[in-house]
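Two complexes, one shared chain (chain A), two partners (chain B, chain C).
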Partner chain A sequence: MLDILQSSENNYISITVTGDADASSSIKLDKAIRWAFDESLQKIIIDCTHLNYISSAGLGVFMSYIEEINQTNTTFIIYGLSEKVLKVFGILGLDQLLKIVGTKEEALAQINGI
Partner chain B sequence: MKGKLTPRFYMRFSFAIALLLWLALTLLDVLQVLASRSQVDLGLSPLVPLLLIDLFFLFVGFHFRFRIKKIESGNFIDFLWQVFAIGLLATLISLAIGLFKESIDGSALANNPFLDAVLYSIRFGLISIFLISTFTVWKKLILYQKSKRLLIWWNIFEGTILLSIFYNFTGQVFQESAVFQVLFGAMALMGLILSANLKWVAYLNFKQKWKSILLILLVAIYLGYFFTSIYVPGADTPDMLAPIDNLFILSLFVFLLFYSIFSLLVIVFNLPTSSVFEKKMEEAINFQRLSQSIQQGENENQIFDILLASSMSAVYADAGWLEIERRGSDEPEIRRKNISPTNRLEVLSQISLSKQKTVLKNPLSKASIHDQTLVVLKKTNFKSALIVPLAIQEEIVGKMYLVNELSDGFNKEMINIINTFASQASISIENFRLLGEALENERYKKELNIAKKVQRALLPTQLDHDDAFQIHAFTQAAAEVGGDYYDTFRLGEHKFAVVIGDVSGKGTSAAFHMSQMKGIFQSLVQLDLSATEFLVKANKALSACLEKTSFITLTYFVIDTKKKSLEFSRAGHCPTLYYSSKNGKAEFLENKGLGLGILRNDNFKHYVFKNEMAFQKDDVLVLYTDGISEAANHDGEEFGYDRMERILNENAKYDAVSIQKMMIQKLYEFCENKDLDDDYTMVVIKFK
Partner chain C sequence: MAYSFNIPYSKNKLRLMRKFVTDVLHEHHVSDIETNMMVLAVDEVCANIIIHGQPSNLEDNVKITIKVDQDRVCFEIVDQGAAFDILKYSEPIIGDLIKMKQKGGVGIMLVKKIMDEIEFQSGPKQNILRLCKNVEFEK
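Up next is the complex of A and B:
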């Protein structure tokens, strides 16, 4: 089960991901991120505080946006990853390509700092 | 002897006996005439001829009892026909005798008492046969669809009738004996009550009813004629009736006549309703056709055609059509009956224009998609229309339009029938589709089994190695096919390449990418590249063919057994578990490295790194896929790195096969009976 909450704030898009991102539920995640990009605010933060598990399909969703992040000059920040999930990102090397921070405050600071 | 005792035998036997009895009776009559003429007393008891008559009745009864069994029980017209034929024969002979007597009137022969006796005996015999055979048939008709109570009543009546055969021994006559009259009254009453059993009439169709009326009418006429010819004396006698001395014959006459008249009346009054009954039968048959059409191997279109035809005939619609929505087509398919395409479009436009629409709730369903619509039409040749939705599992698959040239052409009873038809047809079609899907699934299963075999063949059965190390692999896929990959290659006399990889996702798409990886490995490995170069080139090759959201994790090892060195690069794959015999403990080789296909440009080379290390005797390498490290038990707890590390520490002293077996056994123990939800692969290398 994966629950996704998407909201449009003043100058950024926020997506909250809760539950397990496996092969079937990753489609929901992909739709939400696609929507965030289509809003063209160029600032997206992903709250993964309650992301319990992520499968390779879920990682594939994040991975598929790397190119678009660079091309559209979007600030894309993931925060709140649990130790376990962060390790999964790390093993694959995604932590080197995506901005991953600890808290929402850090994420917002980065967004507003630019 | 046994073979002789068939109903056929009894039938013939009883007939022969009856015939002999009749001959004896006739002979006796003649003899009595002769004796009275020559005034000689035969010395015979007057009871003997009576006994002969009674026995004759009994055997004729026997005969017909067996004879009637030859006719199928539902075949009422055949029954009546038999009665009619015997009656006709008896009447013709009887009339012929009458004519013969008239023709010889005045001659010496006319007053011959012998001839009189013989002719009387013939007529008497024929009439008895007719009465008894009719009785047998009426019995069959009365007892059609009998109840237990009816059977009891009938048995009492039949028993009484049988006993009445022997009443003639008393010598009483109807006109004089009160007992005779009372007994007769009682039997007539029973006959009257039993005559109310006419269930068989309902099963006659219109044509059969007319035939039955004709046949029964003739039978009634015969009965009247015979009664008159026996008991109504000539005009010169003052009495109304000749002395009636036989209770049996009299009761029989009365009962047979009652039943004939009752049947006649009931059939006549049932004539107008027979078309309704036939209609109901037709509906039942159509319903059965709809439910059985699947078994007969008919296709969807045939089911639709049966539905349209039976619905039209059930509601007396003049024309109709079906709109069927097909998958993969925007335009619905139209199946028409009695209406031209242009006429149909015209009616359709009138339906949408009409303001007089009535929505009728479907009593079988609460959902509004099942509602029917009744439309009043103007300006077309059809004046009313009924629109019935066809739904399979709450999804509309089509609509049925029925139109009538009369306004108000549909009534509520008809609409209920249509509901039943529509839902039955929907069920039939759904079954048909499910059957098709089941067959399709069966085919896919076979294909997947083939894919499984092909994929198994992609994984090596022999792993390249030399005396310096043992290598052992284990793999298991969650589905038929999986995305785990391992392979080996001998690069030189002491140089080996070993690879382990995992494609993102599961199942068929993962399996396809895995086979691509195999192709890339087999091509690139020949070039004898360094581990990082291998990954960079593999990434480039995969960038062009991997799906956008797919990636492959891989660790590539080059083992040199002469230099006792190990070079490896990790591309996002799970860190290798390494047991150092020198340190006596296991650890994970966690170094950086990006998965293949994640960064599909030249920057990739900045994200993979070369690692070199020396190995010693009894060192162990455990390569695995994340199916093992991330395997979870019922509580959602993962098998995890710490557990794997501990197991290796405890078992590093054993050989490669034992280490692998122990590791997988512990994994299964940890997961208990939980189903495999990922692919498991493990390759264990132990240096010697």
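Up next is the complex of A and C:
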């Protein structure tokens, strides 16, 4: 089960991901991130505080946007990962290729260039 | 100690298998991080079998057996679908997948990085994949 909450704030897009991003559910995550890019605000934060699990299908979704993040100069920040989920990003070094911070405050500080 | 679980050929059932593996490993005091890693490896293998290894009989299941030894945990995953030897699979390069905006292709890579031993046997009736990981059990 994966629940996604999408919201469009003043100058950024926020996506909250809750549950398990696996082979059956990661398509929902992909649709949400696609929507966020299509909004063209170039600032996206992903709240993973309640992301319980991620498999290669979920990692693959994030991976497939790295090129677009760079090409469109989008600020794309993931925050709130639990230690066990962060470790999974680390297996393939995706923690080095994506911007990952601890809290929403840190994510917003980067969005606002503080 | 050995534990078994049958998973139907349905991606939606993967979470039940994950719960089973998690419960067994927690019962044996494997840390959260190690448990999650092994759950991930087994999940990747099962997802692969369910997505690519079409069985001739749709009522078949993928059977998972977990054996917990003194210093390691082994998983045996048995299926009746098309054989896929992950040991012979040549892994893609992450940088290439990123450039091509690929969403898949890293599952087997994860399994190989997580597990310490991988063995694959394919017979006329079934395929058997054995995955083992050395583990330090928490007291």
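By definition in this document, the second predicted complex is superposed on the first by the 113 of 114 C-alpha atoms of A that agree within 3 Å, B and C clash if a C-alpha of one lies under 4 Å from a C-alpha of the other, contacts with A are read in each partner's own complex, and residues count from 1 in each chain.
Here is the rule we go by: a contact is a pair of C-beta atoms (placed from the backbone, for glycine too) under 8 Å apart; a residue touches a chain by one contact, two chains touch by 3 or more.
Source: prediction; values computed, not measured.
**Student:** Between chain B and chain C, whom does A:103 touch in the aligned arrangement: first, second, both, or neither?
**Tutor:** Neither partner.
**Student:** So, does A:56 touch the first partner chain B, the second partner chain C, both, or neither?
**Tutor:** A:56 sits against chain B and chain C alike.
**Student:** Pick one for A:93: touches chain B only (first), chain C only (second), both, or neither.
**Tutor:** A:93 sits against chain B and chain C alike.
**Student:** Once the structures are superposed on A, label A:24 by its partner contacts, choosing first (chain B), second (chain C), both or neither.
**Tutor:** Only chain C is touched by A:24; chain B is not.
**Student:** Taking the superposition on A as described, I'd like to know which of chain B and chain C A:83 touches: first, second, both or neither.
**Tutor:** In the superposed model, A:83 contacts chain C only, not chain B.
**Student:** Which partner, once the models are overlaid, touches more of chain A's residues, chain C or chain B?
**Tutor:** C
**Student:** Should A:1 be classified as contacting the first partner (chain B), the second (chain C), both, or neither?
**Tutor:** second
**Student:** Quick check for you: in the superposed arrangement, does A:64 touch first (chain B), second (chain C), both or neither?
**Tutor:** both
**Student:** What residues on chain A does chain C touch that chain B touches too?
**Tutor:** 23, 30, 56-57, 59-61, 63-64, 66-67, 84, 91-93, 97
**Student:** Can you list the residues on chain C that touch chain A in the complex?
**Tutor:** Interface residues on the chain C side: 11-12, 14-15, 18, 32-33, 36-37, 39-40, 43-44, 47, 50-51, 94, 97-99, 101-107, 109-110, 113-114.
**Student:** Given the complex with chain C, which residues does chain A contribute to the contact?
**Tutor:** Result: residues 1, 20, 22-24, 30, 53, 55-57, 59-61, 63-68, 83-85, 87-88, 91-93, 97 of chain A touch chain C.
**Student:** Can you check the complex and tell me which residues of chain A touch chain B?
**Tutor:** 23, 30, 56-57, 59-61, 63-64, 66-67, 84, 91-94, 96-97
**Student:** Can you list the chain B residues touching chain A in their complex?
**Tutor:** 502-506, 548-551, 553, 571-575, 592-595, 597-600, 607, 626, 638
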